[in-house]
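Please find the structures below.
Look for subunit A in each of the two complexes below; its partner is subunit B in the first and subunit C in the second.
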Partner chain A sequence: MNSLQKAINSTSISRFRFYFQIAAFILLLYGGYLAINIGDELPTFACVYTDLRGGSCYLLGFQHQMAAPFKRMFSGRGIAILIGLATFVGFFVLFNKTWCGFVCPIGTIQDWITKLRRKLGIRYSTYSEPVFQRLSKIKYILLALLILIPMAIGNSFFGLPKLNHDWGVPFCMICPGRTVLPLFSGDFSQLAVDFSSKTKMIFTVLGMAVTGLFFAGSFVKTRFFCLFCPMSAFQYIFSRAGLIRLIKDGEKCTRCGNCYRACDVGIRAIADDVDSKNIVKDDCMMCFKCIEVCPEGGCLKAKFLTLPLYESTSAGFFKRMDGKNNGQ
Partner chain B sequence: MDNEQLRRVRKTTRLHLAMEAEETLQRIEDFPDKPAAMNYFYSMFRDTYIGTPALPMAKKIIATMCMQVPLELILAADAIPLRLCSGANAYDQIGAEFMPSKSCPVVKATIGMLHVNQTLWGNSLRSIVIPTTCDQKKKAIELLGDMGYPIYTLEMPSSKDSDRARFYWQEAVKQFAIDLQKFTGNRITTKKVQAAIAKIADAAGLFRKLYELRRSTPPLILGTDLFLVNNAYFIDDIDRWRQAVATLIAELEERRENKVSATNRQAQRILFTGSPPIFPNFKVPILVEQSGGIIVADETCSSTRLFSDSVAYDEAGLNDIVPAIADRYLKPSTCPCLTPNSDRLRKLVTMARETGADGVIYQALSGCLPYEMEQKLVNQTLAEKGIPMLYIETDYSPEDMGQLSTRVEAFIESLKARNKKKIKTK
Partner chain C sequence: MIAFTGNTQGSGLRLFVLVLLILVPGVSTQANYRDLVPLRLSLAPLSSAGAEDCGHDPVQDSVPATGRPQGRPRPAQESEHRPVPTRTYHFNEHRRQADIKAYVRRPDGSVIEPELRLGVNPSLSFPTLFGDGPVHGANNVYVVEQGVDDSVFVMRTAKWITMHHSCRWGHDGKFDETLINPQSLDTIPFEIVVDELWDTNFHARVTSGNQLRIRILSFGRPVQGAKVTLTTDKGWSKTVVSDKEGVASVQLIRDYYPPSWSEFHRTHRGRFLVTAQYDADQQGVYKGKPYEHISYVATHPWKYSPSKRDYSSYSYGLLIGILAMTVSGVGVYTYRERRKRPYKGILFDE
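Right after this comes the complex of A and B.
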């Protein structure tokens, strides 16, 4: 191990992540002011409803595309869909789930809410882990719905009538990104309930309810919304191809559970699974806090292809914990 | 027993104890080329076992009878943690009065020690904390309570994998933290717990360095010396201990520079596991190192297991720190009281590979059923990996020394022969 790597492994990635998140937040929400736009196929919740954004979420465009009749989907239009998907996958494969841990504005806001709670000295709530894990399967249902509902606009399933265009982007309607992120550019219009049609009214009311849950939930439970995020489910399909990887050497693991304690999304396997090498699970957001709290040298590693990025070392562990114990 | 008789028994027992301790220390010091920094530990044990014991009377003592007791909390309550587990044959014989003759000598000796020294503690002993680990310790809770000792039962689950077990233990530790405040009259605050965690983490950091130096090639320190160093942690003041160990590490690092080895190059590298060697019962480790072996690592609760893990919490509040402390004591534990205990098997295989051990010596103190019963699985697992193991059943009495030394020597000779063959076939 060279000295640069040693120095990196002794640092706190959480601090780096904190500043990186701020930078990413500014770029994605205000990038337009600097005439920056990194694309509309981002695998992260940079909301289209924000005016001068520096890039936007793939899900809106994807839902739009799914609304095309099958006939058109399998014609020339299909190429556009495939290009969109390929761009999304390309963005994702490059950085894997670090999109969630380092970039996603909704994730960042949740982390800020957690910071606020800690500052106020309010404790987190405890809950039954198995129940919560079962609840988190909801994200797959949401993913299925955000594909199937738009499809039912352009096509008729089982002879049922086609849905009208108010059903166009069902997930966006209930996504807290739509209601919360425009607030940062001074746009409060998304908080309104839309009475123009029954469907829209139900969706906007639902959206407000989810927004309420988002704030309440993430105040008592770290990264509460992420457990239900269909983007995370969508990404997970391609996660094995990700170039950044979180790797575990089970032989070095003592199953002390430090990583599980630190994990904001409560992935148990990170501590208990000693057989898998690739330890990225569907809820993982690649924040690498687990690496920070692992005292066993080389047990947990983040790598970009073969290049080691960050690795657990016992020296780094003791240094970081010492800082923490001294109130830093 | 009336006071007069008890005083007589105490006097003779202390004489026996002093002889036992001196014998063990002599045999350790007989090894050539000891690091000078070891003298601190030799004299510390001499002072403790020979002559009248000096208790840290000024402070409140929270005694423990197992490594599962969270020391961080005891330190945070401004009390002195003191591990009572005894390795003395003299006390074992006294304890035989209270427990069946076939029961574990560690528990027997500890009960014997507490029986003999009943009047010595005075007001400073606030509590003896006994986790509900093995059956013998569980029953010791009742026996010692009957003697009039302030016993605290720390409820521990017999399994660690489920969330149920984890929460149960976390609740037990939380309650322990609350009760500690009552025993000591001191409040446990976040700041104090953090300071205590930092202290113990520092000790663990030092231990890790020592572990590296011990397993390096050639080994820089005898395993017996290391057992002594780690045993000292039971009873020594943690700040003094850290200082002494830091000095030892500095000296060992110097030795590494100068290529001084603790033993000859043919010494067979041994991984020691099983029932804990507790001073003065270092019979087996000393035999191993006298017979041409060197203990490069151990997997016992009186040594490596004490330090191999450290507390990591996420939020700086007692609501997160106390459960984090609880987790550190349960989740990585490889105590044979837990079932399943597959982590111990995994750990042994990893340690054997990491330390380049030629063989494993498994000590079971007769009566220590969990270790006796786990022997078969351990043997099987190691055999699968091609690591030879010697199983030794012994106790605190010196009677089986002759028989043991023959077996240990034969085992080490067989390892040597095996290695020669390996080199030839290469």
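Right after this comes the complex of A and C.
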């Protein structure tokens, strides 16, 4: 291990992540002011409702594309859908779920709310394992709905009438990204309830209710919304192909449980699973806090293909703990 | 009844002219320039008076919230989301004796001359290039007609803006000031430029209640004292005069009142027409014909939607958000309080 790698392993990834998140937040929300547009198929909540954003979340375009009649979906338009999906997968595979831990603006806001809670000295909440398992299925239901509902606009299922276009982007309508992120560019228009049709009214009411829950939930539970995020479910389909990997050496694990306690989402398997090598779970956001708090050298590693990025070491662990104990 | 007198040859000529007038309604033979109507561009053929020949009220025939009306003619509408390879526009009339030319200013600043078809239902067509690139954005379509009538040099200009855009091409144009703002053409004798017609994503943005900033230009220079009239398709109109910078401001009225709320449609498109008129005391000769005055008339149509304030409410939104936040916050607090157990210490007496 060279000295650079040693130095990296001894640093606090959380501190690095904090500054990286700020940079990503600025890029995605204000990139347009610098004529930056990373792409319209990003695997993160770069909300389209923010006017001068630096990139766009793939889910809006994907929902739009799903609204096409099957006949068109399997014609030339299908190529556009495939290109969009391939671009999304390309972006995702490159950085895997670090999009959630390091880039997602909604995740960043939740982390800021968590910091505020800590400052106020209010304790956090966790889910019991059965509740966690039940709740983590919600994101797959949302993912299925955001595909099926737009499909029912362009196609008739079971002889039922087609849905109108107000159903076009059902997830965006309830996503806190739509209501919260535009606030940072001074746009408050998404906070309103739209009474122009019953569908719009129901969706905007739900959207505001979810926004309220988002703030309250994020205040008491770290990364509250991530457990329900359909983007996370969508990403997980392609996660095995991700070039950045979180690898666990089960033989070195002492099952001390530090990683589970540090996990913002609350994934128990990170501590319990000593058999899997690739330890990325569907709820994982690859924040690498688990590596940071692991005292066993080489037990948890983040790698980009074969290149080591960050690795648990005893020296690094004790250095970080000393730093914390000394109030750094 | 028309009585023909004189010799047979003269009668034949008159009959020929009469037949021509019947067959060619788009050609104006008005002797007095004051009787001329402004030149207008439209999607459907227009009568010479300027009314669109769709035979129905475009407001009543707009798409209701519950679905599209079946079996009824729909007004010709243009979507800024769907590019087509060829654009065709109609104009209401033209004078036989006048020169008429058409231009299209493309988003990249280049100017092309569309194919003009004069006579019955005068119209023009031009091709649009497919795909994203320098021609992605607003095309300004102009018809310029000029000629001397009754010792007055009349210049009539009709303008139309068509958006050559597809959301699938992306919205990179939002970073380009020349694409997101309406542009003028310095070679047009009299032109109306209305600011903020579309948003940075190339979607029409004018809504009821908007204060429209209208600039009047002549060969790219501002015109002071031009009479600017805004007329909605419901018939409401307001006339103002341009200032020394050629700017006139008009607030667009709210005139969309469906019979019931269930028939309200937020994407309803009303149409308005901006007409500018300016007379100058200037003498000269145009193509051998002397004139003592110049009369400029220009038109520019656009569309508008109901204001968001008509159908959305911040107070309800914030109320629901705060309510959800408070209820869940109180719920968590209560849950935590109920789970608190008093501290039970066990003291061993050794």
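In this text, the second predicted complex is superposed on the first by the 326 of 328 C-alpha atoms of A that agree within 3 Å, B and C clash if a C-alpha of one lies under 4 Å from a C-alpha of the other, contacts with A are read in each partner's own complex, and residues count from 1 in each chain.
Here is the rule we go by: a contact is a pair of C-beta atoms (placed from the backbone, for glycine too) under 8 Å apart; a residue touches a chain by one contact, two chains touch by 3 or more.
These figures come from a predicted structure and were not determined experimentally.
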| item | value |
| --- | --- |
| Partner chain in contact with A:277 - subunit B first, subunit C second, else both or neither | neither |
| First, second, both or neither for A:240, with subunit B first and subunit C second | neither |
| Which of subunit B and subunit C A:322 touches, first, second, both or neither | first |
| First, second, both or neither for A:134, with subunit B first and subunit C second | neither |
| Touching partner for A:124 - first (subunit B), second (subunit C), both, neither | first |
| First, second, both or neither for A:71, with subunit B first and subunit C second | neither |
| First, second, both or neither for A:293, with subunit B first and subunit C second | first |
| Which of subunit B and subunit C A:256 touches, first, second, both or neither | first |
| Shared contact residues on subunit A - subunit B and subunit C | none |
| Complex interface listing, subunit A residues touching subunit B | 118, 121, 123-124, 128-130, 251-252, 254-258, 261-262, 271-272, 274, 289, 293, 295, 314, 317-318, 321-322, 324-327 |
| Sites on subunit B touched by subunit A in the complex | 161, 163, 191, 194-195, 197-198, 201-202, 204-205, 208, 308-317, 319-320, 323-324, 327-328, 331-332, 343, 346-347, 349-350, 353 |
| Complex contacts: residues of subunit C adjacent to subunit A | 65-67, 167-168, 170, 172, 174-175, 200, 264-266, 308, 311-314, 316-318, 320-329, 332, 336 |
| Residues of subunit A that touch subunit C when the two form their complex | 32, 35, 37, 40, 51-52, 64, 80, 125, 164, 179, 188-189, 191-197, 200, 204-205, 208-213, 215-217, 219-220 |
